[in-house]
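First chain A sits with chain B, and in the next complex the same chain sits with chain C.
Here is the complex of A and B:
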C-alpha cells in the first residue's frame, strides 16, 4: 500500500515537464517565434540545396529509386526524427554534461524518480517541433506528387503508413539510445564538451539513403553503421517502406526491417545498462 | 596659436604601437595553446562530414553519368566541377572557412556593449577594433599551428582528388591573397554586425539570419556555380562568396586567368568598404553609447 503511494506517476510528471517548458517558452514569445523561423529557414535551405541537385540529376545514385519525390519523403523522415530528438532529448543532454561538471546531478539522483527519465525529459524545446510540421508538409507534398505523377504512381497503403510510424518511433529510440551512451561517457570523462559534435558527426551518416555507401570503400562504413552503431536503419527503413513500395522488394529489405526492430531493443537495453553503470562511477563535483 | 597638443596615444610612437599589438597577440596565443591536444582531435573530427559528402556526391555523379550514357572520356560536370573537383572543393572551403569564420566576434561585441565593458577602451589607450583584430589574429595563428598537422594529413589522404595538381604560381598567390582578404572581410563584416548592437543591444537573432545566409551563399554547402544562372549572377555580386567559394575556386583554377586580377581587386574593394563601414559605425555608435553597468 505504502509502496504504491510513493511510486511516481511518470505520465503526469512528463506532462508537467511539458507544461513547464511550454510556459517558459511562451514567456519569451518573440524569441520562441524567432527560433521557429530560424529552424524552419535551415530546413528550407536544405530543400533549396536538394532542389539544385535535382536540376542536374533525376536520381540520387544510379538505379536506386531515390528520385525527387522519394528523396524528399526521405528528407521529411529525417526531419521527423531529428525534430523529435531535438525537441525532447537534445536540450536535456546538453544540460546533463553541465550537471556532471557542476555536481548538480546530486539533486537529480536524490529525487524519488528514475534518474534516466528525469534527466532525459526534464526540458522540452517546443520550437524544435516546427521542423516536424515542415516535415509533414513536405511528406504530404511528396506523397501527393508520387500519387498523381503519370509514370508509375505510388499510393501508400494504411499498413505501410502504420509501419512507417512504427519504424519512425524505432528510429527515435535508436537515436535516443546513442545519445544516452554519449551522455554516459561524459560521466566518466568528467565533462564532454564535444558531446554535441560527436552526436552531429554520427547522426550525419544517417541522413542519406544507404545506397550511397554501397561502393567498395563505403561497404565497411555501411556495415559499421548498420550493425555496430545502427544509425543507418533509423531513417532508411521507414523511408523505404513509404517511398518505394511498388518496386519488387529486394530480399535484404525484410531482414533489415527486422534488424531495425531488434537493434532498437538492443540499443535501448545497452544504453540503459551503460547509463546505470556510469552513474555508479559518478563522483559529485562540489558540495 | 600653437597646434593642438598631440594625444598621448600619438606620442607612444609606431614602435610602441607594434609592441602593444605583439603583446596582445602573444597573450591570446598562449591562452589558446593550453588545450592543444583536444583542439587537434576536434579539428580532425571536423573532417568526418566530408566522408558523407564524398559518398553523396559520388552517388549524384554516378546517376548523372548513367543518364548521359556513361561516357568514360567525358565524365559529367556539374557547374564546371567534376566529382574529384567537388571533393577538393569541399576540402578547400574548410581552409577558407578556417580563415574567414569568426565565432563569437559579433556576439562578443554585443555583450560588451550591453554590459558596459566598452568603457574600458574609452579610458585605456587601446582601440577596440585593433584589439579585437589582434586577438583574432592570435586565435587564428594558434589554430593554424595546431590544425596544420590534421589538415596536412587529410589533404595528403585526399591528394588524388586534386586532379589538376598544384596550381601555377599566379593562382597560388591569388589563393593566399584571397585567404587573407577572406579573413579581413570575415572580421570586419562580423564586427560591423556587432556594432549594430549600439542601436539594438541584442544582435543574436540578426546574427543567426546572417549565418543562415552566409552558410548557403558563401559556397559552404555547394559551389556557387551550381546555382541557376538567374540567381547566380546576383549571389556573385554579394561579398559572402569571399568567405568560402572564392578561395576554393581560385585554387581549383575555376576562375579564368584574365578575370583573376579584376576579381581580386573587387575583393580588395570589399575589404576597404567593410573597414570603413565598421569604423564609421563604431564612431557613430560611441556617440549613442551610454555606458550601462560597470
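Here is the complex of A and C:
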C-alpha cells in the first residue's frame, strides 16, 4: 500500500482545517457576526479606557518613555498576539482538555500525522482575528502619530519592523507553549476546567509594560514572569523594538531580546516534551 | 506469521476510590485511596491475515480495552503485541496509515460539517492520491447507498446513516486491518442488516483482517467464523460459533407434545421444566441423559411429537458470562 500513499503535507492539512472552520463559521453566520462585534467592542472599550487615562497623565510611570503613542503601539502588540493565539490555539487547547476527559483523543492518536500538530490547529476561530485588524488600525495610527509629531518624531526602520514581526511570532510561540503545558496536565488531573481562568490570570500580567512591576513588591513577580513563566517578554520585547520608548535604547534591552529568543526555544521544547509525556499517560475513557 | 500477534497482554488502571457522602469526599481531598483495576489480565491471540474474528464478552470484559491497545491509543501494563509487525503503542505513522478503528459509541466526523469535508481532510492526513481517493469514495458510498447524503451536515443524519459515514471515513485509506468496536450499537434491524451485508461483502472483496466486538449475536453469526470470548480480562474460548454450545452447554432442550389427557404430576423427574403450555412441555435435560429419558418417556406416556434442540446461543453465552463474573 505504501506506493499508493504519499506523506501528509502539513500545509495542506492546515489549509483544510482553516477552510473547514470557515465553512462551519459560515453555517452559523449570526453567531460569527456577533462574536466579531463583541470582541471588537471589547477592544474599543479598552482603547477608550486608556484614552481617558492619558488625559490625566502623559506617561505610564516616570521616565519609562511609555507616552500615548508608544503605549498604543504596545496595546496593538497585545491585540496582535492575543488575537492570533485566540484564533488558532485557544479553541483547540480548550478542546484538548475536553478530548482527554471524554476519550475523544482516541481518534487523534489514530491519525498518521504529528498528534501535537493535529490537536493544536484543528479548529480556527476566525472571528477572533477581527481584533487583529483592529490592532493593525491602532498600530498604523500610533506609527503615523509618532512620525508626524512636532517634538522628537520617530520613523520605524525596515529592520525594526522585521524584528518586530519576528518577536511577535516568538511571543505567540511562548503563549502557545504555556497553553500546551496547561492543557496537557489534564491527563493527570482528569479535569482541567480552570484552563481559561488560568490563561486569563497569566496573560493579564503580560498586558502592561514591564516597568510597572519595578517596585519592591513587584520585583519578585517581574523575575518570575520573565524567567520562570516568560509571559512578560511576549509583548514587551516586540513592542519596545518598534515603539522605542527609551531613546537611546537602554543596555538591558538587547539581552532581554536575546532572552526572548532563548525562552521561546526553551518553552517550546518543554511543552513538546510534556505533551508527549501526557500522551503516554493517556488512558482514554469508557468504550 | 500471524498478522495480529498478542501475547500475555495486560492493562490495569489505578482508579481513585470515591466514597459516598460529603465528609468522605472532603477526606478524599487529603488522603486518596486507589485501587488497581485489571481490565485485561493476559490476553493471548493470534489472527491470520484475512480472518474475520468476533470478540464476545460481557460489558467490562476488556474487549474495547484490547482493541484500544491494538490501535495504540493506550499503552499496556505488560505483555507484547504486534500488528503487521508493528508495535501499536509506538504509534508509528507507517502503522497508523495501515489500519483503522471504528467505535460505534464515538464519532470522529466534524459534527457541523457535511461528511465530505471530513473525508477531504482524511485524504490529506492519510496522503491518499486524489484519483485513488475519488475511486474509493465512489465505491464506498455506492455500496452503502449514501451518495446523496455526502453534502448534508453530519448532525442532520440518522444514527444508521452516521454509522455508514463513519465506516467510510475509516476505510478511505484502504486499511489492511480493521478494528470494529460495536459498529451496530443502537441501530434498528434493517440498519444492522445493511452494515452486516456491507462488512461481509467488503471483507470478502478486499481480504482485509477484521476484529469485531458486538453484543448482537446476529452480527457475529452473520459475519464471523471464529469467535473469541473474553471475560474477566482473559480469553475464555477461541473457536467456532457452533463449538461454543458443544463446549459450554451440557444441556439439550427437549420439547414434548403429549396426547390429550391429564398433565402428569411428576414431570420434574425428567429434567428442569422450562415452560408448560399443556399439552406442550419444554424441558432442559443433561445431554448424556437425553436417550434414556426419551426412551422412558415414550414408553410411559402417549407422546404426539418430540423435538430435541441445542439451547439458544444467547442463553449459553449469557450463562457463560455469568459463571465467569
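As a working rule, the second predicted complex is superposed on the first by the 279 of 287 C-alpha atoms of A that agree within 3 Å, B and C clash if a C-alpha of one lies under 4 Å from a C-alpha of the other, contacts with A are read in each partner's own complex, and residues count from 1 in each chain.
Following the convention adopted for this analysis, a contact is a pair of C-beta atoms (placed from the backbone, for glycine too) under 8 Å apart; a residue touches a chain by one contact, two chains touch by 3 or more.
This one's a predicted model, so the numbers in the text were calculated from it and none came from an experiment.
> Would you mind checking whether chain B and chain C clash or fit side by side on chain A after the superposition?
Verdict on chain A: chain B and chain C fit.
> In the overlaid three-chain picture, which partner chain does A:9 touch, first (chain B) or second (chain C), both, or neither?
second
> For A:20, select first, second, both or neither according to whether it touches chain B, chain C, the two together, or no partner.
Second partner only.
> Mind working out whether A:64 is in touch with chain B, chain C, both or neither, as first, second, both or neither?
After superposition on chain A, A:64 lies in contact with chain B alone.
> With both complexes superposed on chain A, which partner does A:218 reach: first (chain B), second (chain C), both or neither?
First partner only.
> Would you please give the vertex angle at the Cα centre of chain A, with arms pointing to the Cα centres of chain B and chain C, as a multiple of 10°?
Roughly 90 degrees separate the directions to chain B and chain C.
> With the superposition applied, I'd like the minimum CA-CA separation between chain B and chain C in Å.
Distance of closest C-alpha approach: 7 Å.
> I'd like to check the shared interface: which positions of chain A are touched by both chain B and chain C across the two complexes?
In the superposed arrangement, which is not itself an observed complex, chain A uses no residue for both chain B and chain C.
> Chain B touches which residues of chain A in the complex?
31, 34, 38, 41-42, 45, 48-49, 52-53, 55-64, 194, 197-198, 200-201, 204-205, 207-209, 211-213, 215, 218, 221
> Mind listing the chain C positions that touch chain A in their complex?
These residues of chain C touch chain A: 13, 64, 68, 71-75, 91, 93-94, 96-98, 100-101, 103, 105-106, 108, 110, 112-113, 117-118, 120-121, 124-129, 132, 153, 173-174, 176, 181-182.
> Can you list the chain A residues touching chain C in their complex?
These residues of chain A touch chain C: 1-2, 4-9, 12-13, 16-17, 20, 23-24, 27-28, 103-107, 109-113, 115, 118, 280, 282-284, 287.
> Using the touch definition up top, name the residues of chain B that touch chain A in the complex.
42, 45, 48-49, 51-52, 55-56, 58-60, 62-67, 78, 205, 208-209, 212, 215-216, 221-222, 226-228
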